[in-house]
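Please go over the structures that come below.
Shared between the two complexes below is chain A, which pairs with chain B and chain C, respectively.
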Partner chain A sequence: MIEAIQKRAFWAWSAFLYVFIVTPLICVILASFNQDSVQTVPPLQWSVRWYEEALRNQNFVRGALTSLLVATIATVVATPIGVLGAFGLWKSKSRYKAALDAFFALPIVVPGLVTGISILIVLTAADVAVGNVKLICGHVLIVLPYVIRTTLASLAQFNPSLWEAAETLGASPPQVLWKIVLPIVRPGIVAGMVFGFILSFDDVNISLFLVDARTITLPISIMSYLQFSFDPSVAAISTILIGVTFVGTLLLERLFGLKRLFEGG
Partner chain B sequence: MVEVVLRDIVARYNQFLAVDSVSLTIGSGQFVTLLGPSGCGKSTTLRIIAGLMKPTSGAVFFAGRDVTAANAADRKIGMVFQSLALFPHMTVAENVAFGLKMRGGAPAAIKKRVQRMLEMVRLDHLSDRYPSQMSGGQQQRVALARAIAVEPSILILDEPFGALDRKLREAMQVELHQLTREMKITSLFVTHDQEEALMLSDAIAVMNKGRIEQFGTPQEIYAAPATRFVADFMGMTNFLQGRVTGRNGNGLNISIGEATMRTPEFETASNGEDITFAVRPEKIVLAPAQAPSQAAIEGIIRQVTYHGDASRIVLALKNGETMVALEKNDRQSGDRSVGSTVWAHWAPEDMRVFAQ
Partner chain C sequence: MTAYPAQAMGSERQRTAGRISRAFGASAILTMPACIVIAAGIVLPLAYMLILSVQTPDPGEATLSTDFTATSYLKFFSSPFYWNVLLKTIWVSSVTTAVCAFLGLTLAVSIWLTPPRWRGLCVLAVISPLLVSIVTRAFGWMVVLGDYGLINNVLIHLGIIATPIHMMFTNFAIVIGLVHVFLPLMTLPILTSLDRVDRNIPEAASSLGAGALTIGVKILLPMVSPGLVSGITMVFSLSMSSYILPALMGGADSGMMTTLIYQQFVVTFNWQFGAALVAVLLATSLSAVALLIFETTRRTRKWMVRP
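And now, the complex of A and B:
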């Protein structure tokens, strides 16, 4: 009896959570197909005109390209740094190991606004004026902690006998890292890269302080667009993002088994 | 194939003395086992020989050369790990080839050697499989092939069969025995299983609390344990106390309560001194009445458990001690019900006497 109630309560709660998570997404998708310039759900009349509108908007297109470029470069720069850092922490016998571990998580904990302002102050002091460079510096800090985190999580599950086995077979420590450890923790590294890339692409807080008139990211151009108009082109660009993320996730699942990635396999 | 010598090895973890001045010689081509309960220091000793750990003091020699300071990678050893430690992202062939590649062989020669190793462990048809696609016994053979492929100075095996079921374990033991004898590989095996040690080894070092209690052939260790610990560990599990009442040739006359008996050869004991002796449960014969010319003691049956070919019978002796007999079921005569009185007999030669 109690078990049956528990089971039902569990299902009800799960259903509620799903609805809570999925409803906004569905509303955005529906709203993007409005004929009208007012966002109604469901649309009174259907059309794809706002997609044309959104793709014709130079701010969106350039913003998307900038965001892609910045997220890609930030991921490419942050990954080797993060992986090497994680290896170092993993092998370290320092008594400050735990402290260092927490230290590398700081960019996740510190509010993005603070990180953004800090980087702005430092880079201004250093006289770095190029928008892209500033943005990339900020976004490396977004990706880095995730790569370190997920790599460390994978390393924690690494069987130390594998290291010793490779050693007894004549491998030097760099060879063990390159030929044994790296391939085995690769899923964890990729998981961190995916996480970091998405968060970088998505970021407003840090970017807000680092963009300028010529380099503006997609989330920020959407935000500034919203300040003046509330038409379905924003819903359209959001729907495109949902679609791209969905396809990307699907591809990753096919290639690496995403579920395994996030379990830190 | 080289001679491996340990000289006065000491290993200390903080305050804990894991290995306490161990000296040991593993002859070229010999198969030596470190046998002992967990925590006796056998694994630490093995890691020191492998070069995975540096001793606090003492030295390790391979073929007369001091390798104490050398890393594992430079010792040219083959090691089979308890967890096997097969590389999960490599195929069977790549696993076996790894050591050869690290040592920089020519690709053609490596390929040939890998093929030969896999034929030797009868896995040449599975060379493209990944370890996760193989059974426990197959994985075991891959680990063995990988360790032997590099023609190691010494093959080191750390409880490799612990995870296998009984039948597979026995099959692997036979295979390992044959392989190491055929190839004349110097081998060091670590286990806590005395049967396994007896079956595989040319010599056994029984370890306890970081020290070697006895080093000898399986026959010596089994038949003539040097200490109480070795006797107990090798299954000589009946320990009784007696008092010396006089000499009898090379042996002693002793009394246990009302019972008197003769012991085999024992040097140092004077009248009135207490000694301990040990007898194997399977050497004890039960009979309804006392038989002459045997050591005998009266007891009451407290418990009988059935073990297929034999029964394990627990006796309560008059002096309050207990004794266990393992009796073949087809040799039983008389009453074996709980509460009945029987006489336990054994030959004096089957006793091992220890001073207290």
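And now, the complex of A and C:
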């Protein structure tokens, strides 16, 4: 009897936790279809006028284009560097292998705020003042560790006898990497790219210190909009963001499995 | 003058090349670009910033000179105002971590007990806050916690309260926002530890008469402690250095270290003092994490040698 009550209480508690997790996201989506300019959830009257409003907002549109450009270039630059790094770490027999592994995780371990500030200081001292360049420098560091991690995780499952078989048949190590290993770990690489892209597109912590008046990313333009007004156009643009992220997430789950991406830290 | 025959020189060169490649290997060449990027993007800037923190404060100046001074650190440690900011940051991060640990433990156990068919969906739901931009999440909480938000609307509608409870722009809102985003980072490592637990063990305990609570606290908890420690480490250090949520949900002067740091870099341009603040923040969270890991290792060793 007590056992049954305990069990029920436990599942009710778990259900409450899921509600806690998804409520704010669902409220954003609901609020975006509001007719009024005052935030009420659920809306009294429904409309899509705030979507038109958001898409007419030049700051949001320009921000989205900047974010898209920066995230794309950062991903394109970071991916080959990360994949080579992961291959190198995987093949390494050095006794510093564990240290190198930890070194590669530094961009994740060092808080974004600290990374952003220290890059700002160095770029200012070096007189780099082009907004896009500053942002890309910071965002390469967002994408890189995730490409390395997912590639390494895929490599860990690579069957070493395939390598031996290829070498026995006369392939050189670069040929084996390019023709055998690369196609097999490709899902891991793509997962790292997708996740890195999402993080770069959504980033505020690092970008905050690297944007300037002319170059501003979408999350930061939303943030500065939020500081002086609170109408549903923010909900609308956020809902679009959630939609884009959701597609990316589904892709990740298919390619790689979400749990693998996050576990272990 | 002894001239080496050309052939001997060639083989000498080959041998040297062979030695170099054996010492560093092809893997060193492959990891080189990533090492350079991380060294140039993280290590050097961090070192530069630490040196800047012991320079004479000079608004708008970011170049280094050779005379070092502890002015910024003295300014920080001699003022009760800054001490309070640091203590408040530690307090908010500790509360966030404790709440996350409790919620994360129960959530991980609940996912562990969920049939495999539903597991993917549960994990997706748990991770979802991490995949949504921080501004979207903060906005979502404004809609939920605001004076005319979801919770107040429901409570007034049900007749439980007459006037809205003020929840937004308080420490409570900061903790809620932080717990929400860091919960997956606590839950998933614990779940990974749980997955290594043999399911026969809790069953054995149950058939020996242990209740659900006893099984949870006395059997599962010690077994998931590696995951728990890794979760606590991550959540605490990320809470200490989170800026956006306190700034958006705690109001303009939320009095956290990070808001202070932001002001130094973007408003007053006292970068030397700002760099010192960053150093203090990093030192605090690193020592807290080191203490935690040291303490758990000591305890684990005690468990191991127990007869």
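Going forward, the second predicted complex is superposed on the first by the 228 of 265 C-alpha atoms of A that agree within 3 Å, B and C clash if a C-alpha of one lies under 4 Å from a C-alpha of the other, contacts with A are read in each partner's own complex, and residues count from 1 in each chain.
Here, a contact is a pair of C-beta atoms (placed from the backbone, for glycine too) under 8 Å apart; a residue touches a chain by one contact, two chains touch by 3 or more.
Small disclaimer: the values here were computed from a predicted structure and weren't measured.
**Student:** In the superposed arrangement, does A:117 touch chain B (first), chain C (second), both or neither?
**Tutor:** second
**Student:** I'd like to know which partner A:7 touches here: chain B for first, chain C for second, both or neither.
**Tutor:** Once the two structures are laid over each other on A, A:7 reaches chain C alone.
**Student:** Please indicate which partner A:168 is in contact with in the superposed arrangement: first for chain B, second for chain C, both, or neither.
**Tutor:** In the superposed model, A:168 contacts chain B only, not chain C.
**Student:** Where does A:25 make contact in the superposed view: on chain B (first), on chain C (second), on both, or on neither?
**Tutor:** In the superposition, A:25 touches chain C alone.
**Student:** Just to be sure I read the superposition right, which of the two partners does A:180 touch: chain B = first, chain C = second, or both, or neither?
**Tutor:** The first partner, chain B, only.
**Student:** Check the residue A:159 against both partner chains and state whether it touches chain B (first), chain C (second), both, or neither.
**Tutor:** first
**Student:** Does chain A have more residues touched by chain B or by chain C?
**Tutor:** Answer, by number of touched residues of chain A: C.
**Student:** Can you pull the chain A residues that chain B and chain C both touch?
**Tutor:** Of chain A, no residue contacts chain B in one complex and chain C in the other.
**Student:** Note which residues of chain C are touching chain A in the complex, please.
**Tutor:** For chain C paired with chain A, touching residues are 25-35, 37-38, 41-46, 48-49, 52, 62-64, 103, 106-107, 110, 120, 122-144, 146, 148-150, 153, 180, 183-185, 188-189, 191-192, 211-213, 230, 233-234, 237-238, 240-244, 248, 258, 261-262, 265-266, 271, 274-275, 278, 281-282.
**Student:** Using the touch rule from the top, collect the residues of chain A that touch chain B in their complex.
**Tutor:** Going through chain A, the ones touching chain B are 159, 161-162, 164-172, 175, 179-180, 183-184.
**Student:** Spell out the part of chain B that touches chain A in their complex, as residue ranges.
**Tutor:** 50-52, 71-79, 81-89, 98-99, 102-103, 146, 150, 156
**Student:** Name, in rising order, each residue of chain A that touches chain C in their complex.
**Tutor:** It is residues 2-3, 6-7, 10-11, 13-14, 17-18, 20-25, 27-28, 31, 38-41, 78, 80-82, 84-85, 87-94, 100, 103-104, 106-107, 110-115, 117-122, 124-125, 137-138, 140-141, 144, 148, 173, 198, 201-202, 204-205, 208-209, 219, 222-223, 226-227, 230, 234-235, 238, 241-242, 245, 248-249, 253, 258-259, 262-265 of chain A that touch chain C.
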